[in-house]
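In the two assemblies presented below, chain A is common to both, partnered first by chain B and then by chain C.
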Partner chain A sequence: MREVSIVGVGIHKFGRFGEKPFTEIGVEAALMALKDANMAWGKIQAAFCSRVNLPSTTGLRVLTQLGRTGIPIVDVEAACAAGGAALRQAHMLVASGFCDYAMAIGVEKMPRGFIDPEMLYDKWQVHVGLSQIPMYWAMRAQRHMYEYGTTVEQMGMVAVKNHKNSVHNPYAMYQRAFTLEEVLNSAIVCDPIRLLMICAPDEGAAAAIVCPSQEAHKWSSKPIKIAACVHKIALYPHTSAPAYTGSAKVVSPFITEYAANAAYEEAGLGPEDLDVVELQDTEAHNEIEATEYLGLCSEGGGGPLVESGATEIGGRIPVNPSGGLISKGEPIGASHLGQVFEIVTQLRGQAGERQVDGAKVGLCHVLGAGGNCAITILKR
Partner chain B sequence: MASEGEAAKRVPIREDFFTTPLWPPEQVRLRGLRCRSCGEIFLGKNVGCQNCQGTDMEDIELSRRGKLYNYTIIRNRPPGNYKGPDDPFIPFAVGFVELPEGIRILSPLTGCDIEDVRIGMEVELTVEELYDDDEGNQVMAYKFKPC
Partner chain C sequence: MREVSIVGVGIHKFGRFGEKPFTEIGVEAALMALKDANMAWGKIQAAFCSRVNLPSTTGLRVLTQLGRTGIPIVDVEAACAAGGAALRQAHMLVASGFCDYAMAIGVEKMPRGFIDPEMLYDKWQVHVGLSQIPMYWAMRAQRHMYEYGTTVEQMGMVAVKNHKNSVHNPYAMYQRAFTLEEVLNSAIVCDPIRLLMICAPDEGAAAAIVCPSQEAHKWSSKPIKIAACVHKIALYPHTSAPAYTGSAKVVSPFITEYAANAAYEEAGLGPEDLDVVELQDTEAHNEIEATEYLGLCSEGGGGPLVESGATEIGGRIPVNPSGGLISKGEPIGASHLGQVFEIVTQLRGQAGERQVDGAKVGLCHVLGAGGNCAITILKR
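Presenting the complex of A and B:
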């Protein structure tokens, strides 16, 4: 297997863009990535497009605008982990020597408000009302509060931090700071989760171009190595959406811990080596929990971690310097590649006012329906 | 006991979830499968054991009483084709209920104020009508209530 590097990244701002078609949204990210690598489209030998809410041949329709070069363009879907699954395909193809230049691109245009529940749940679950995605994280949050004393204020601090970071991210949807009081006083969606603690589905795109590390300096003065790129599905018992049963007898590692262990092993690195993290903050509690399962703090220590300021830019381990999904919104198919864009930018030292000083190693984490989890570890 | 005519009009939201008859409700139990290899319990039908991939499963009836493992309150009308009270929508609690057999079942909670729901509270199965379907049948679904 060959070591693989990212030599170009591109992004289309996350947000709401009215009638702008996904083909235009996607191609902007692709063009930006090609320009970043100073590479012609004709050089790319395979492309994988992650999307969840868009039609068949989304990637083909986006990328053949640049020319029909005959290469395979394959759509990939794995819920919120789709972008990780796409990058993993590109990574494997180049690592194995099947080709030298591959693109992973995530594109999404989500409907407004709640996602159609019948995309995810059985009809009977929808009829009963057991079909609100935030409720699963809210139930986990309640249990976390019960077991570890985590507070609503700590969840609010996650949202305050991420919204604050997004002010400096031109690609984020909101770019607006909120006070803790504003977050805590926003409407309750599912107790204890408040509206300003939750991410909104939206639109956007992001892309990455990969090649063998030994070729990387031809294309980029600051190539970023892929140390690990894993995609896992939760072991039994899985109790997030759309599960309706769980087990009090079988104990297995939570999916983030399970995937993180695999990623750390592949990278030969551990959580202590990380300088910056982008993780799935579907709701604020999700970030608290993920910091624990990624090994950034002890079990139950996620609340005190954010309260200590350690996850702020300038803290011990900055989390979601981009503003996270809470402020960027979640264009599901594009969200992981958006994280990759952010970490590549951070490791190149090009993140401007949201830069984490001296960042050398970064991790991207997404987690979604069915227990789909992808983790990419990047290093310079 | 309800008459023949009335009983015929009650249908389960999922046939494999309940013992029959569906009346009287206090005698209905949830049913499922137990894996003969690892002992894991599943609600309703399952192709095989999700825990150990075993295929030797036996039918079981589940306890009617359990404890609330976690919960939240649904404050807004659930999206899509929700069949509960809709005009106006009535906020309700949901949670995973842990039964003595070691299975946790996600369920709406009823019979108590949403502000009084607590982790660890003792709850009991109740089978209630959720809605009338197009043929005029009463569609019966499970909930848990404090006991």
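Presenting the complex of A and C:
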């Protein structure tokens, strides 16, 4: 297999854009990535589009705006991990030599509010009232508080940090800092989760162009290598009883840990090698959990980690310097490629006021319905 | 790249199954394919699920019923070509050595009647009343009649042949023969297209298991080689004006011809090597056109071809021995893998009363919205 690098990235701001069609949103991200690589659209030989809430042939509708070149354009879907699955298909095609230039693009327009529970849950779950995602997060958070002494203040600190970072990210939906008091006093969605700890569904797009590392310097003065690109599905469903009693861990690692182990092995790197991380902070407690499962701290150490300031920009291991999903929102199909945009920008040293100094290795992590988890490790 | 073979196929009858959940429909096809290969689900290392009208993570919901093994399960969508795209991803992964055992599965439950035009067309098309697929087919058919003297009787003969073949296919939605008179006297949908010439949207599933040809004899006494697996997108949209004036052909081949050329090149075979074909007969005229673009006859020769009996079982080049979409219906995500099921069955000599004697090479063809076309060539 050939080593593969990212030579171009593009993004369309995450947020709400009214009647603006998804085709325009996607085209902006695709054109930005092509311009970034100084590459003509006609050079791309295959494209994978991640989207969850958009219609059939979203990728084709977006990318044929750039011209019909005959290449296969495939929509790819794996819940919140869709962008990872799209990048992975592009990565495998180029690594194996099926083609030299491929694009992964995520495009999304989410409806407002919560998702139809019938879309996500079994009938019995809806019947007993466990019909919305935050209920499951809240149970996990409560269990974490019980097991490890994690506090609601520590969860609040995650939200404070991410919202603070977003002020310097022009692509974030919300670019506004909040105090810990404001976060903790915001409306309770499902105890202990507060409104300002939670991400909003929204709209946006992001794209990445990959090619063999050997060719990368033709297209970019700062190509970024893909060290690992992994997609796994949990051995236990996210919503299974063991996930809320702690007993699942005895039988099998949680999905993030399982996928992270595979990614670290593929990359030949460990968590100690990471300089910057973008991870799935659908709500603040998810970030605390994920920092543990990614090995950034010990089991149960996620609360103290954020409290110590280690995950701030300038800290030992900055997490979500982009502002995370809490400030960017989660346009599901586009979220992982949005993380890839951020980490590529960080590793190139082009992140301006949110730059993590000297970052050489970064990790992107998404986790979603059905136990879908994708992890991409990038290095310069 | 390694040569890849299909060692197991499965299908769930196409039709209407009321409240039966798509998970059960899909699981039946997956289990049949595993049983056919005498393979345990735990052996599969990657799975791709084609579906168009089903919710997020359809493949995961279906296949985790067989057990959560951690493997990536990705939904793939490319309109009517979705199944081809899914099989192609599985094929590429195994050909390149990313894994040894992969499954492609198509699962679908379509709503009744026509698709929401906003899903398929630009606003201007809906505004001028070109809001349903049969209108476009009818225009193409009318143009073909004008250019080549094709007759409505010849279109009727396609429907008569396919409905006749379906009588021997237990997986077809409709298993009933009609006379030419019955077809021609059935309701006009959009002149010259009659109701009995047109396929119905429906439900169903089909699956195929692939592995390196070198390993194939461990799993199947009759493995079938994938000679080509191609997915292309039209250089002209299906709905563009040139498609209805004949002038597009001057500039660029139509999509089926374009994809077929690529598939024949990949396989090192030509149309003269084919023994049996399953092609996209969304309506009868599509079959006439496709036989030309696939090179089974000369340009404009599709009408005389069916009239001559050459495409009957027992004829020179049998087309749609399964009964085609006209009798099976089109569960979009499952249709291509349904064709693959049929051609594998034919090449194994297991097609019973619809068997094409001595068939060694077969082709599967799907064509759909946006100009998506997938072609798979199989040989024993």
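Quick notes on this structure:
FYI, the second predicted complex is superposed on the first by the 360 of 380 C-alpha atoms of A that agree within 3 Å, B and C clash if a C-alpha of one lies under 4 Å from a C-alpha of the other, contacts with A are read in each partner's own complex, and residues count from 1 in each chain.
Please note the rule applied: a residue touches a chain if its C-beta (ideal position, glycine included) is under 8 Å from a C-beta of that chain, and two chains touch if they have at least 3 such contacts.
As the structure is a computational prediction, the values presented were derived from the model and not from experiment.
Within the superposed three-chain model, A:V126 lies in touch with chain B and out of touch with chain C [touch as defined at top]. With both structures placed on the common chain, the touch criterion links A:I188 to chain B but leaves chain C unconnected. In the superposed model, A:G97 lies in contact with chain C only, and not with chain B.
Of the two partner chains, chain C is the only one touched by A:R61; chain B is not.
Of the two partner chains placed by superposition, chain B and chain C are both touched by A:Y236. Looking at chain A, you'll find residues 236-237 touch chain B in one structure and chain C in the other. Interface residues of chain A, counted against chain B in their complex, comprise 113-118, 123-124, 126-132, 135, 138-143, 146, 187-193, 236-237, 239, 243-250. Contact residues on chain C toward chain A in their complex (touch as defined above): 1, 52, 55-57, 60-61, 64, 68-79, 85, 88-89, 92-93, 95-98, 119, 231-237, 258, 369-372.
Across the complex, chain B meets chain A through its residues 13-14, 39-43, 50-51, 69-76, 78-84, 92, 94-96, 98, 102-108, 119, 130-131, 139, 141.
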